[in-house]
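Naming follows writing order (A, B, C and D), and every chain is counted from residue 1.
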Amino acid sequence: MEYVVEMLNIRKEFPGIVANDNITLQLKKGEIHALLGENGAGKSTLMSILFGMYQPDRGVIKVNGIETKISNPNVANKLGIGMVHQHFKLVSNFTVTENIVLGAEPHQLYKLELSEASKKIQELSNQYGLNVDPYAKIENISVGMQQRVEILKMLYRAADVLILDEPTAVLTPQEIEDLGKILKNLIAEGKSIIIITHKLKEIKAMADRCTVIRRGKTIGTVNVAETSTSKMAEMMVGREVNFQVEKEEAKVGEVVLTLNNVTVNKDKDVIGLNNVSLEVKRGEILGIAGVDGNGQSELVQSITGLAKVESGSIIYEGEDITNLPVKKRIEKGIAHIPEDRHKHGLILDYTVEENMIVEVYDKAPYSKRGILNFSAMRKHAENIIKNFDVRSGQGPISVTRSMSGGNQQKAIIGREIEMDPTLLIAVQPTRGLDVGSIEYIHKRLVEQRDKGKAVLLVSLELDEILNVSDRIAVVNNGNLIGIVNAKETDENEIGLMMAGVNKGEDE
Amino acid sequence: MWSLIQQIAPYAIIFTIPLLITALGALFSERSGIVNIGLEGLMVIGAFTGALVIYTIQSSFPGSTTAIWVGIVVAMIAGVLFSLLHAFASINLSANQIISGTAINMIAGAITVFLARNMTGSGKISINAFKSTNVPYLSDIPIIGDLFFTRTYPTTWLVLAILIISTFILYKTPFGLRLRACGEHPHAAEAAGINVKRMRYYGVMISGAFSALGGAVIVVTYAGEFTGTVAGLGFLALAALIFGQWKPLGILAATFFFGFATTVANVSQVVPALAVIPPVLLKIFPYVVTLVALIIFSKSSQAPKAVGEPFDSGKR
Amino acid sequence: ACGTSNTGGSGEGSSDFKVGMVTDAGTIDDKSFNQGSWEGVVKASEELGLTHRYLKPNGTTEADYMTEIGNLYDAEFKFIVTPGFKFETAIFAAQAQYEDAKFVLIDGYPHNGDFNSVVGENTVSIFFAEHEAGFLAGIATAVELQEGEAGFIGGMEIPPVQKFNWGFQQGVAYANENLGTNFSIKPENVVYQGTFDDVAAGGQIAAQMYDNGVDVIFAAAGGVGVGAINEAIDRVKNGANVWMVGVDVDQYADGIYEGEKSVILTSAVKKIDQSAYDMIMAEKNGEFPGGETLMFDATNDGIGLPDENPNLSESTISKVAEMFELIKSGEIKVSDKQDGLIK
Amino acid sequence: MRNVIVSLIAVLFGLIAGAILMAFTGNSPIAGYQYLFEGGLKSISRIGNTLATATPLIFTGLSVAFAFRTGLFNIGAAGQMLFGGFCALAVGLTFDDLAKPVLLSLMIVVGFLGGALWAFFPGLLKAKFNVHEVVSTIMMNWIAYWTIYYAVPGYFKGEFLETESRKISDNASLRVPFLTEAFDGSYINLGLFLAVIAVIVVAFIINKTTLGYELKAVGYNRDGAEYAGIKVNKGIILAMAISGGLAGLGGVAFYAGNTTSMQIGVMPTQGFDGIAVALLGANSAFGVLLAAIFFGLLYSGRGFMNAMTDIPPEIADSIIAIIIYFAATSILIERLVTKVLKKRKEKKTIVDEKEGQ
């Protein structure tokens, strides 16, 4: 049996956590090998070790049968190992060519020689059907193309072993399919691929074998064709998983929020949200589906007041709130679980109790005549911590920066729900969380719905949208493509709509 | 008015050059991702070292400029060494770069005067400066000749040459590409196999060398002596960097503007045509214009995206 | 020698005392009154084997000065020299507070902020006739160069600088009227730059003046003057025929451009070092003129031109000497007021 | 607690470096430091002068620290102090026949407003145009410098001097006989009380009020604050203005307390020292108070050290600079402290297996 890469008994510790504990992964030549595991299982860490960004505390790496020490990414490159990171590592104001050659620049006597490189990139792009313009600037190309640039980066360096860390998170189902084809092309050319994901369907569709890790330990390696998805899921989380969200029939009430032909700009003159109209009613969860960056942020920001509405109007409980400041909207009962918990959700240097009043600090009982009431703050925080199972070192006085992502998220959700809002906007509420937390949060959202609140759920995860929502609105390129009932649709239809194809219209 | 411009142009240029080279050094530092507010201190180090070396060895080279050139080179080395304090604090220790730079300024100011007193017996070190020259032939060209080629110092041409080379390095060499990548997206650079910390060290060290050159240029041209300060030019250079939008030619334009505006303000008292303008307006003119320019450019700021952020390779 | 030096010699008698000095704005190496005073202190102290030390205050406020005077006093430095009019109010307070200390106030008189002179019994107030020094420099300039244009660059607009300026103008005018010279000073070429340290501005202003046809510039401006001198040096190296007139001390050496040749035509000297020296000597001899206001002027050779003037011809030197005598005898009166002069 | 240790270690390192410099110049560090502290403390009037020297530093330190706490780097305390002081002085000279309490109150208010105004512009530029306050406050420093340079002789010229304003009357002075006498003729003045009040007020605002909560939130996380409905632009401008106002009060204390007139052509060094004070005080109001007094001690004691020894005067400046560098690189110190604390813990407990998160 010929292995191109073998990682044997790898251990990696970070302060306070064992990210990899005796993990073994063997990659055969010419296979697509999936690496499956929950959030925080240690997948990225393992791959970063293979790519030379971390050094293992223990264990052996063999490349083509020879034991090697990969002390930095350059060594990895020389060994023919390339990696596409979970978060793209592209310099946005450089061209495609500049990004690709970075670190291995062709030069003559100190002078950059990019024209040859551009030509070669063009050729590679054609060869593998990547369709990338070597002269374009990164900031002007789509996310999908950026990913192909990352792949080209590896090909340019003649990598034989390609590592892709969660490559599908930012793609539409169709783009994911295209990626699958590209990967098959690569295999055909003799490359070997490791792909990280926690989406079982994709593994089924793309991979030959799959190694599952849990809490830093190898659970096992299976042949994908012979293993069911539920078996893999069980290996991943260590128990049977219920993929279906339990919920009753929605009892839809009156309209809470109406958007009338709302247009929002992204940058100065680029339209982010184009002439969108929709309604959200009490007792329902309206899901917003779409690939990242297709107007979801603008939609949410227009409702919460963070973005200026260029035209159109927003009616909330019969009142025009189009130009109301953020604060007023919060006071009227619009709560918002933001997409980015570090940027928007928390003041990371504040403690839990301080964070829990960030929208109401100037209201009784948290302050009186401009002076904070610390005991009221404490009580409030303790309440949320209890109700939402927020775990942290020092309870209400823990600095939120020191908390794990899941617990930060639970604190935010607790804060927003405790405000007893009429409209709850949840943007990617489960991003980066493990299955347990996800189940919990979904339950909370449904609970809000059942209490007669209106819930607007924005997510990039199609499964989440399909499982949790009652109705689904799909956006593409700032346009509302259509609204469908969750029960009457399927992944295919939504996928097509996310790509901009409207229901009923034929391509 | 024209003859006035003609007359003051050489002096404006002389005044501009230290500012230019210092801002250019800061460009390398900031492009690599490190804010360097310690320019003032680095200039002082350069002025001090240059003056001290020249003062010590000048008598061994009568009638030649060798001593001055040696002084300039040693000053640049001293600038590099001193900038390592800032580099270490901000690159290895992830210290707040502005605070570290402020400390650099304070240390430089205190330590140089201390050393000057101890080593020469005086807080002032006087030397024989360069002699200015008219560039043969070129200075005879009408208009341009008077503006740019009369009363020039060799350091002026040196700095302009460095400007051209720097532009080339920044935009046309692998080094420049890497340096800029470190200031824009250090994690991308790291993933491409670039040693980000080392590149940032280079950036800060180049800044140290250039600032020190700036300080030494002051000594070997118009000042002729080290007095313990460079009178806020380091801060002006920082402003010029931003005013010039982190681009070599932008910096050239910005520093030249400063040089010209300051010179006009300085000589206004002697020029009847200008004496009618309240002097306070002339004096605050460069600063007010900078503020206005900062407002205008704020919308399209070209600041390196990662400048000022400590780089932590673990951070995702 | 790092400013402070301890010559705790032997054989000091009962009149042994420690000499302290507090510097004004600027440093001890300012080539002006700080340095001049200190040189006098050092010279006298070394001759007499006295301990001497200077202190640099944190700022230039009366409180800052008083603090350092107190420090000197507490450290047993009971003979204290303070150069600069800014010490006036501080000495007013100090002379009362430290009755057993002696104070020498150069360029000013003690007062309580109301400009009513109160020179205590333990204080000597010293003035210089800067206007007379300026006058002599003006004469020397005009007579040596015969015809041309002169300019003046001052630092800040403070009394000693103003008096240099006014005296210089009177000297030039006197030479034009009585000695057959043809020298002019245009109003725009008389400026106070506003600082004592902006070297760049000094050079730029000097350049502008030279370009406007000025042949010689009298600079009483500290670092600004250094810039002007550098500009002159550079011009002379490039073949121009321009001059500078130095101030306070003999600045000939500062203007050297080649070998022994200097752009400094002459300097308007006030013998600050002499005054400090004299006072220390007087104290040693038990003749300290406490309570007096001394004027260092032509009559006591307290001002003048340098002893050596390589750039002045014999005839100029003798002409200046003649004028010097006339001032001494009171025949020529140099005014220390603006009275119709430029600035 | 951690902060206090870090500051103390920074001070210690600075003093050690100073000792090395003293030894390097052939002097006894012990004698040096002995005289340094004697110079600041050995008599009641010296203590008074130490406090008087510290007074403007308390204000500028508070100014910088307040800005820091709200995410801003105010390097313009010098200009704000200058302008605030000028405004107060202008009032003091113009209305000097008002009753002392009225006049002083008026001067304090005007001084605060003047400083606030000078910082308002950088705040506005930051909020509206994202112009970095470091550059804009430096520009404002020079604008203040030259404005004062021409305004003082233009409007408040002294009787005989072009370079200084007239002296304020006793009516407009913060010096009061009971203090001067209590401290044996020192320069201590009401400014110190004002400073202590400012420390308390600032500490209260920052820690106990919704305003402080709001401004800190803006400082820590502009986007997060905006998301929560806090008016970010208003916050930035207000924080900057308060910071400037504090520096302006420093101007009042300095020009109407420590001095009695205003000299032109001087950029007050207290502005930049304020940065050092704030750093050493770990940006807490009471920390600033202590740090300012420590700096006041260094400044007022070093003259005596110089009078008593041959130690060069620049050493005091060097010590301060080195302290700042160590404060700036406090991470190093912090790591050291953490390591020491950890080691001690490890010794005590026999492996209390680390309980996760």
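Definition applied: a contact is a pair of C-beta atoms (placed from the backbone, for glycine too) under 8 Å apart; a residue touches a chain by one contact, two chains touch by 3 or more.
What you see is a predicted model, and the numbers here were worked out from it, not measured in a lab.
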With centres defined as the mean of Cα atoms, the chain at greatest distance from subunit A is chain C
Can you identify which chains form the pair with the largest number of contacting C-beta pairs?
B-D
Rounded Å distance between subunit A and subunit D, as computed from the means of their C-alpha atoms
46
Express in whole angstrom the distance between the two chain centres, defined as the mean CA positions of subunit C and subunit D.
37
Taking each chain's centre as the mean position of its Cα atoms, how many Å separate subunit A from subunit C?
76
Dist(centroid_CA(subunit B), centroid_CA(subunit D)) in Å evaluates to 29
Using the touch definition from the top, which residues of subunit C touch two or more other chains?
2-3
In subunit D, which residues are in touch with two or more of the other chains?
25, 149, 312
What chain-chain pairs meet the touch criterion?
A-B, A-D, B-C, B-D, C-D
State the interface residues of subunit B toward subunit C in the complex, per the touch definition above.
7-8, 11, 14-15, 117-118, 121-124, 126, 129, 131-134, 151, 222-225, 227-229, 231, 262-263, 266-267, 269-272, 275
Could you please specify the touching residues of subunit D with respect to subunit C in the complex?
25, 39, 45-46, 49, 52-53, 149, 153, 159-163, 167, 185, 187, 258-260, 263-266, 268-269, 299-300, 303-304, 306-308, 310, 312-313
If we count contacts the way the header does, which residues on subunit C are in touch with subunit B in the complex?
1-3, 27-29, 31, 151, 188-189, 191, 193, 197-201, 203-205, 207-209, 211-212, 223, 226-227, 230-231, 233-234, 237-238, 254
Considering the complex alone, what residue numbers of subunit D touch subunit A?
208-211, 213-214, 216-217, 220-221, 223-231, 354, 356-357
Given the complex, residues on subunit D that touch subunit B span 21, 25, 73, 75, 121, 125, 129-132, 134-136, 138-140, 142-143, 146-147, 149-151, 272, 275-276, 279, 312, 314-315, 317-318, 320-322, 324-325, 327-332
